[in-house]
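Data block below; observations after.
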Amino acid sequence: MKQLLSSRELILSAAIVVMLGLIATRFPGFVAPGNLADVFNDTSPLIILAIGQMIVILTKCIDLSVAANLALTGMVCAMINVAAPGVPVAVIVFVAIALGALLGAFNGILVWKLDIPPIVVTLGTMTIYRGIIFLISDGKWVNSHEMSDAFKAFPRAEALGLPMLSWLAILMVVIFFVLMTRTTLGRAFYAVGGNPHAAVYTGINVGKSQFWAFVFSGALAGLTGYLWVSRYAVAYVDIALGFELDVVAACVIGGIAISGGIGSVGGAVLGALFLGVIKNALPVINVSPFWQMAISGSAIIIAIAVNTRAGRTKGRIILKKAEHAS
Amino acid sequence: EDMRIALVVKALGIGFFEAAAKGAEEAAAELGDVEIIYTGPTDTTAEGQIEVINSLIAQGVDAIAISANDPDALVPALKKAMQRGITVISWDSGVAPEGRQMHLNPSSNALIGNMIIKLAADHLPDGGQVAVLSASATATNQNIWIDEMNKVMGDYPGIEVVTTVYGDDLADKSYREAQGLMQSYPDLDAIIAPTSVGIVAAAQAVADAGKVGQINVTGLGLPSEMAGAIDSGASKSFAIWNPIDLGYSAAMIAHALATEAATAEPGAAIPMGRMGSVTLDDTNSGAMADPFVYDSSNIEQFKSIF
Amino acid sequence: MSSTDRFIPDRLQSPLQQRLKSWETLLLAVAIGIFIANSLASPYFLNAWNLSDATFNFTEKAMIAFAMALLIVAGEIDLSVASIIALASTAMGAAAQVDASTLTLVLVGLSVGLACGAFNAVLVCGMGLPSIVVTIGTMSLFRGISYIILGDQAYRGYPTSFAYFGQGYVFWVISFEFVLFAILAVIYGVILHKTNFGRAVYAIGNNATGALFSGIRVNRVKSILFLLTGLMSGVAAVCLTSRLGSTRPSIGLGMELEVVTMVVLGGVNILGGSGTIPGVVIAAFVMGLVTFGLGLLNVPGIVMSIFIGALLIGVIALPRLWQKWRG
Amino acid sequence: MTPESLTPPSPVAPVLRLDRITKTFPGVKALNEVELALYPGQVTALVGENGAGKSTLVKILTGIYQPDGGAITVDGTPVRFRAAQDAADHGITAIHQETVLFDDLSVAENIFLGHAPKSRFGLIDTSAQRHMAAEILRGIGAEIDPDARLRDLGIASKHLVAISRALSIDARVVIMDEPTAALSHKEIHELYDLVEQLKAQGKAILFISHKFDEIFRIADRYTVFRDGQFVAEGRIDEITEGDLVKMMVGRSVDQIFPKRAPQIGETVLQVTGYDHPTEFEDINFTLNKGEILGFYGLVGAGRSEFMQALFGITKPSKGVTKIDGKIRVIRSPAEAVNAGIVYVPEDRGQQGAIRPMPIFQNVTLPSLARTSRNGFIRLAEEFALAREFTQRLDLRAASLDTPVGNLSGGNQQKVVIAKWLATQPKVIILDEPTKGIDIGSKAAVHDFMAELAAQGLAVIMVSSEIPEVLGMSDRVIVMREGRIAAELEGDDLTPETLVRHAAGIAEA
């Protein structure tokens, strides 16, 4: 298993390096360390969301409500900040994670207790959560000057040359790497997606594991909600509209099997970085903005084709000579 | 029974249109017997607006005043409205002439085009590089203004427009495009964003990149949304017409046409209450007023209004 | 007991009994409820012309939903339908610029739809890639091509006779689109429920390996379904373009989710294997009635979508909650 | 049955006792007030026809299903199992009938999922896990790398992993639901040794099997179910095979293999030069009308793989199929069916039946062209066709529109066979046709196979059971490692020759 995953991640890493090389031929400044750090920082929200989505996809589910969850949590954070500018950022971060987790838990409960297919649940909550933003904000924006300085400063605060936003993404990568590889819950996510039937026989509660996957995904979306709103210093109904597809695309490019059970934190991160590099590079190397959509669409298609091919089993290999040859 | 005027906007929840709705309500209060239906689709699509128009036709409203997501796609639906005796005008973002009785431009396109480049040039006495961050590529008015701007570039020697990028009126995309501009053009002096979403995002990107004072963000924005950028210095000044006045005028015109107090025809002058009157050109469109410039001297006064 | 005298009845429940307990019955009740609520809430609702206008809120989506229903029953999905509309419409627009006849325009729209469907089919059936991600990719690709061709421009200048598809009336208030919708509903209903092909679709959706081992040409059936979905997107593109009278790359943006919502609301199992066309037809009316009814009350669109979202979850959740509650 | 009919209890008290356990599924009473007692250090064989409720009982014992009524006591205390974990907590572990493992996890993870050794910080200790897994695997004589991905193992190895998993839990009760069905000769014997070991450790073992030789070899006690009812229990040394069969089936089944007078006609199928890059090589044979051709080999010899190539599923690199002397190109099962070749797969859950669909639709699926008119379905014809063939196979089901998934394994197999007979094929390939089928149905399948051959159908029977191969086949092809090792007929057909060729042991 290790071998296969790492080889897939290797291909993707190589693809990213090649892409950076090509970009550098047209715009050398792009690969300057400072700029790469900027690209990473810019991709951090996508990385965080992709980790959450990865867990959900691993358990054979999908969470289309992440972007709406992000927008709703972001709006709530912004409104709290406007109403009570004195509330410390730590509390706001906590509220963001908790509210995000709660919204995720709502998805999870419907999947777990009522056995409604995840795509249906999250298709529904996606519109419901967006609608709630409209209801609570009355459709109004929360603007930069209404937010407190501390609220806006947090994701930008630098430590060791990287902004907090980047550090948070790195922290999430580490936490979830350990969670996925070294805890019972993490392995249960793989088991549930790999063979739900067998998971039941193994004493793993499939629905409950899926519930937790949604809670994680929701919590990460909530965290990103605050980060997004404070980074762009604006909150309104439509922020991150359609971003859920980018998140799913990042996972797919990162080799997370949509059928569940296969994938890794590393893959999700690389998938997100791949998209992040494309998104950041296109405007810089002067590709007409009208080409962007077609290019990222093609990238997704090529990535799945490559991943699926790499993931295909070689068959049984019964013949002795074939066994030696392979 | 009250006269019902529908104020249809590109999408609900945009500060600019909320302010316009306020203006329309003001007109209604002034007129007395008018009810304003403020409505629009969830996202900025023509299909969404058509559904809204259909339901307005079904309710038999007296007038529709629309800021269009698409100048052409709405024509059939609006034609149907006119056939059923509904007065149709467009404002802000126009509809093709056959789909409305008249169009109210917030200001003259030439004036706006000149204004946005002038705002940038005023702070660049020695000339310099400017880039344009536009809204969604399908927005009707953006490109007209940019065209008008290009026409008068000769008046601003030394100012070079290096590129135009599109932020699709999404905060994050506009932000990223602004970042891209700063990288691609290290000597950039100004970013012109003739869109209220783009200008805010660009100002934020400039502030985050630590280039306040180096790059001036200007264009069209709302005082309430731009107050922070003026404070931080990322934007020295920007312009906008007063959306409250715009909504007010649209409602006044719709009322005048619907009561047949005025007729929309080339050359006609249509009264707009406290805003005076608008004179129609040969495409039956007219301009409301000049854009107004906001900077640190007056931002405090306006940021809580719209 | 000797084993040979066991008699196995054909059915334990009559088809009528089964039908009464079905999803469609529940949904029909919901539809009737909404109809009554609408008539009470708005004085403008019960008016032939208004009801006719209301049908435009769902006819185009429903045309795609029929083909999509078959595709979902077979265990696949196509999220690129709205982008196919954009590409087909762009192609028609380009043809209109060189003064193509109305017939040619229609043919162009349908063939581009078919071609897009074929592209999806090759990726999914030919290369064995999962359809949900493939079509997320082609969703960007197809619309992306429209953007490359059109940029910030629009195509207009469609011939006058072209307007008939989206704006014409066959008889009194019965629009062309509604008639087409009704005909397609019958055709798809027959295909899914009365033909061998439909049976194969169910078999594949329930167990594609088993279906293959039973001699069903799984890939061929799935490919046909992708082609049909592409074709229906082409048909919808003709209607929508005709109704709008112009083309921009953003045409039909976000429609795929409404189509999928309609199919799922219609009781089609998103995981494949079950679902009916009558269910989808009723779901189309439900969605049309809800949006139109709320529109008459000037409820903002986003609030309507809360309603649709809640309906989507609610109609699935309530019966299950009820069952749990009863034991 | 009343509890009075129970034989006097053993001197030792049972570890586990089931009392009047009842379980109903929609339309089926799978278990009706059944009794069962398991004693430490003893093997209890649970026997019964397909659908008797054996696997259902296992699932109740492991907390996967909850009974509708009755009581379970462990060491005399009543218990309730709400989920699989509860049963494990009470020291009950099971090897289930279907392999329930995770293809994308490593062998070690499969063994320890849910009870992995932990390091200081509460994290999984992967190296300890690997060592412990290696130890258990060595203990059962399985040469499997604990780091291997399960997907890359063969069916038999997977089964060994499942057994290891059951052993990794320190259990007092070990349940084995048809554990030998997927194992080869050698592995079966290792399993028997293992059972002896477990017995010696004082564990109580519930052993479910349709193979009487192994029941009489390793069991100490028996319990018989019939149609969800408890029938009898007792000591195995106090009963004969015939009596056991009689209790199970409710009648006597004396003759297991039908006597046949084969009427072998002209050649129907001629296979030449079938090659595949990795799975098989140089396969040539002919098959005649009215003949039953057995394919014997150890599990994993490539028989199924080759049969699937013949049926158009696996793509061979070359090979020619002639039917009635004419070359037929078969690239898909649909073309195979048209050519008159049909295949009853080994994996009936996935490949054989479409479980959520009703019985009648499963049966008519490949014959729709005949029951329909111009592509339009005719339900009456479908029911008629389905009724005809399910009756011929003595199917047991509540109704013809019952989903196949609700049937027991054996009855599912009957539906699959019925489906293919309804197409009126020329060649029928039966891959392990009686795997997991009870003795009564087995005899029915054998009778039926004989009848098919007598009617002139050409039959290929892939089987790993020597008595079945010998009892049914007119001619046998033995495969080993993807090649034909021998073609045997007449006097050459002995258990010894079969095993020798299959295992590649040189001529003595």
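Per-chain numbering from 1; labels A, B, C and D assigned in written order.
Note that in this section a residue touches a chain if its C-beta (ideal position, glycine included) is under 8 Å from a C-beta of that chain, and two chains touch if they have at least 3 such contacts.
Quantities reported herein were computed from a predicted structural model and do not represent experimental measurements.
Touch-path distance (fewest steps) from chain B to chain D is 2. Compared with chain B, the chain whose C-alpha mean position is the greatest distance off is D. Chain centres here are Cα averages; for chain A and chain D they lie 43 Å apart. Chain A and chain B have Cα centroids separated by 35 Å. With centres taken as mean Cα positions, chain C sits 30 Å from chain A.
Counting only residues that touch two or more partner chains, chain A has 134, 139, 237, 290.
For chain B, the set of residues touching two or more other chains reads 12-13, 43, 137, 166.
Annotation for chain D: no residues touch two or more other chains.
Under the contact rule defined at the top, the touching pairs of chains are A-B, A-C, A-D, B-C, C-D. Listed in rising order, the residues of chain B touching chain A in the complex are 11-15, 18, 43, 137, 163, 165-166, 170-172, 175-177, 179-181, 183-184, 186, 200-201, 203-204, 208, 224-225, 227-229, 231, 303. On the side of chain A, the complex with chain C involves touching residues 62, 110, 113-117, 119-121, 123-128, 130-132, 134-135, 139, 237, 245, 248-249, 252, 258-259, 288, 290-298, 300-301, 304-305, 308. The residues of chain D lying in touch with chain A in their complex are 62-64, 83-85, 87-88, 94, 96, 98, 100-106, 109, 113-114, 116, 122-124, 126, 147, 149, 151-152, 154, 276-281, 300-302, 305, 481-483.
Every residue of chain C that touches chain D in the complex is listed here, in rising order: 1-4, 6, 8-12, 194-200, 202-203, 206-207, 209-217, 273-274.
Looking at the complex, you find that chain C touches chain A at residues 123, 127-130, 132-134, 136-145, 147-148, 150-152, 257, 260-261, 264, 269-271, 300, 302-303, 305-306, 308-310, 312-313, 316-317, 320-321, 324.
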